[in-house]
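Next come two complexes built around chain A: one with chain B, the other with chain C.
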Partner chain A sequence: MSATEHLPTPSEYIQHHLMNWRTPPEGGGFWTIHLDTFWVSLILGFIFVGVFANVARKAKLEAPGRFQLFVEVIIEMVDQHLKEVFHGKSKIIAPLALTIFCWIVLMNSMDFLPVDFLPKVAQLIGANVFGMDPHHVYLRVVPTADINQAFAMSLSVTVLIVVFSISAKGFGGYTKELFTAPFGPALAPANFLLQMVELLSKPLSLALRLLGNMFAGELVFMLIAMLPWYVQWAAGAPWAIFHILIVILQAYIFMMLTIVYLSLAVEDH
Partner chain B sequence: MDINASLLGQAITFAVLVWFTMKFVWPPLTTMLDERAKRIADGLAAADRGKQDLQNAEKLAADKVREAKKQASEIIAQAEKRAAQIVEESKDTARVEGARIVAGAKAEIDQEVHRAKEALRAQVAGLAVAGAEKILRKEIDAAKHADLLTSIQAEL
Partner chain C sequence: MENLALIANVQSFTVIAIGLMIGLAGVGAAIGVALVGSKFLEGASRQPEMMGALQPKLFVIAGLVDAIFIISVAVGLFLAFANPLLAAIK
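So, the complex of A and B:
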């Protein structure tokens, strides 16, 4: 930043923070890709599978280490909920639930990094390595505060709900259920409408709950960052501590609801 | 804050992560956990079995000890009985032996008495003959009255 430039106003600061690093940079309508969401989520996803696969590969039956036990606690938590809630047979639901939980926890946890840290690093790299205008270097570090990430997961779950329903009841059985439940065949259009609302409300509620929490959390961190530096801790520390709860709770809720929705899909209405 | 192709990209990333977890993370870990749970259950069962075995063994040992005590007391009783019997037998033997010794002694005494009597008789006969000889020397011829002397000797 050159000395002649004015400091950003609060709304400029927040708008800058809420802009994604995207390609094409000027925005390409639907075919825009958010590179920050993509890279951050990919790196965190690789950290998750890398760490877990490493533990799985080296897992010892006897005398497990502390880290192995930590991983086992997570696995057993997921397994426990699955056994309690999901009564069908599926190879995908357990890994799905585990991936959702761990990935969302990691992505949400990006909120704990100082809100300006990675964007500032990106600005320095962008300006000094790629010769970009630092004002046009954007980076949002919390993938789950990106609506695309939230909907990518919730819509994938919705697709699985349909797949599970069809594989459990057959294509005919599922179609029949869409038109006959809950009011019986006489009110087929009303049934179908209601079923569609039910089906579509699931990804909406999943995605918006997660997005709303993480977006709001990010926003509050930005507001705190605009306070004078000597009082930031008074608001930032309590919010960050409270946010630990939200980070884990939102991941847990997303995972639990996924399990519940999928178990509803394989059970009869 | 707009929905765009990022959604598809993130969905693909999500699918890849789920696939990887399904392939390389979940199965080995759950298999290992199941195996550990089984091993723990087996261990507990073995401990229970061991406890049961120990109880059985203790019971067996107590039985053995009781039996041994019983046998020992039986043996002692038998031995005492036998000892009493032996004492009794030796008393009898001693009594018999004593009687035999006494009888032998008596017989010997009798024999001695008899022998002494014989000797005395012979001596008395000799003395009588000598006396008679002295008396008769003067009037009787020894050769002549030999028959008479012998019959006297026999009567003594």
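So, the complex of A and C:
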């Protein structure tokens, strides 16, 4: 490090960490794509699918391995909740719930990597391989702390709610329900308004809950990273342990609410 | 640096806002989690066989209650370190 280079102030450090690796780099408004979110979530998704498919292919009835049992525990947990809550018939809801749970756990778990580890690696690669200014190499490792990822998932769930409603009640039945429930046909506009608020508040609350938790977690880890190195573990260890609970709890809540919303969609009013 | 007074003004109001946000949300979340916990203990002591069924629901609701608090902490920390309100001045 040269003598002229100064250490970043707390707010510069955090702002640097809150900037996504994006294309175009100067930001293109609506068409900005956050490449770090995209690649990290894609890679983690393939890791989940690959690991689970591998376990399923090698599954043994006699003397199952430890890892197979672990995977079975997760699947049975999801399956049990589905049986309790979801009473309709659907082939995609079980894989959907399992995917949501495991994928979000994996994405949230990126929080446990040291805050500076992957950004520093990216900085080294960016500076030495691509000849970029190391201060303009940005990387945010936790995909769920990016508002785009959180809303992408919750809006997909909303689309599924509409699809499930239509497939359970038919297009006419769903339209009728939108206009007649809960107050009856006389108050059709009020019903429609209420139903729309109900439908649109679901993705909002789902996404913001996940996002808020992960964003706060990430920020606290950054604050801890700015402490002197000899007190970092004293703050970092309790927060990391507490964060394990939050990470799994938020994935679990996202999954449970998806199941609940979808089961409400297929039930008659 | 002619805007120093303006910046100080925005920052002082932001600090008050952050304090209010985190403080009030903390009070709310604490009361909420306490209510959930006490009702869970009540239910579990009345019907111990229901404990297994109640526990996941306890965690879900505690997570839901906690989320509002955490969201407000996140917004508060965001305002503290990357204040978007200062952009109007700079």
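By definition in this document, the second predicted complex is superposed on the first by the 266 of 269 C-alpha atoms of A that agree within 3 Å, B and C clash if a C-alpha of one lies under 4 Å from a C-alpha of the other, contacts with A are read in each partner's own complex, and residues count from 1 in each chain.
Just so we're on the same page, a contact is a pair of C-beta atoms (placed from the backbone, for glycine too) under 8 Å apart; a residue touches a chain by one contact, two chains touch by 3 or more.
Note that this is a predicted model, so its numbers are computed, not measured.
A.B. asks: With the two complexes superposed on chain A, say which partner A:Leu208 touches: chain B (first), chain C (second), both, or neither.
C.D. replies: The second partner, chain C, only.
A.B. asks: Touching A:Gln149, do we find chain B (first), chain C (second), both, or neither?
C.D. replies: In the superposition, A:Gln149 contacts chain B only.
A.B. asks: For A:Ile43, decide between first (touching chain B), second (touching chain C), both and neither.
C.D. replies: It touches nothing on chain B or chain C.
A.B. asks: Answer with first, second, both or neither: which of chain B and chain C does A:Met226 touch in the superposed model?
C.D. replies: Neither partner.
A.B. asks: In the three-chain superposition, say which chain, chain B or chain C, touches more residues of chain A.
C.D. replies: The larger set of chain A residues in touch belongs to B.
A.B. asks: A:Leu18 contacts which: chain B (first), chain C (second), both, neither?
C.D. replies: both
A.B. asks: Using the touch definition from the top, say if A:Ala216 reaches chain B (first), chain C (second), both or neither.
C.D. replies: Second partner only, chain C.
A.B. asks: Thinking of the overlay built on chain A, is A:Pro95 touched by chain B (first), by chain C (second), by both, or by neither?
C.D. replies: first
A.B. asks: Just chain B (first), just chain C (second), both, or neither: which does A:Met196 touch?
C.D. replies: Neither partner.
A.B. asks: So, does A:Met256 touch the first partner chain B, the second partner chain C, both, or neither?
C.D. replies: The second partner, chain C, only.
A.B. asks: Once the complexes are superposed, what residues of chain A are shared between the chain B interface and the chain C interface?
C.D. replies: Residues 18 of chain A touch both chain B and chain C.
A.B. asks: Quick check: in the complex, which residue numbers of chain A touch chain B?
C.D. replies: 18, 20, 22, 29-34, 37-38, 41-42, 45, 48-49, 52-53, 55-57, 59, 61-62, 71-72, 75-76, 79, 91-92, 94-96, 98-99, 103, 143, 146-149, 151-153, 155-156
A.B. asks: Which residues of chain A touch chain C once you look at their complex with the stated criterion?
C.D. replies: For chain A paired with chain C, touching residues are 10-11, 14-15, 18, 81, 208-209, 211-213, 215-216, 219-220, 223, 246, 249-250, 252-253, 256.
A.B. asks: Going by the contact rule set out above, which residues of chain B touch chain A in the complex?
C.D. replies: Residue list for chain B touching chain A: 1-11, 13-18, 20-22, 24-26, 28-30, 32-33, 35-36, 39.
A.B. asks: Applying the document's contact rule, which stretches of chain C touch chain A when the two form their complex?
C.D. replies: Its residues touching chain A are 56, 59-60, 62-64, 66-67, 70-75, 77-78, 81-82.
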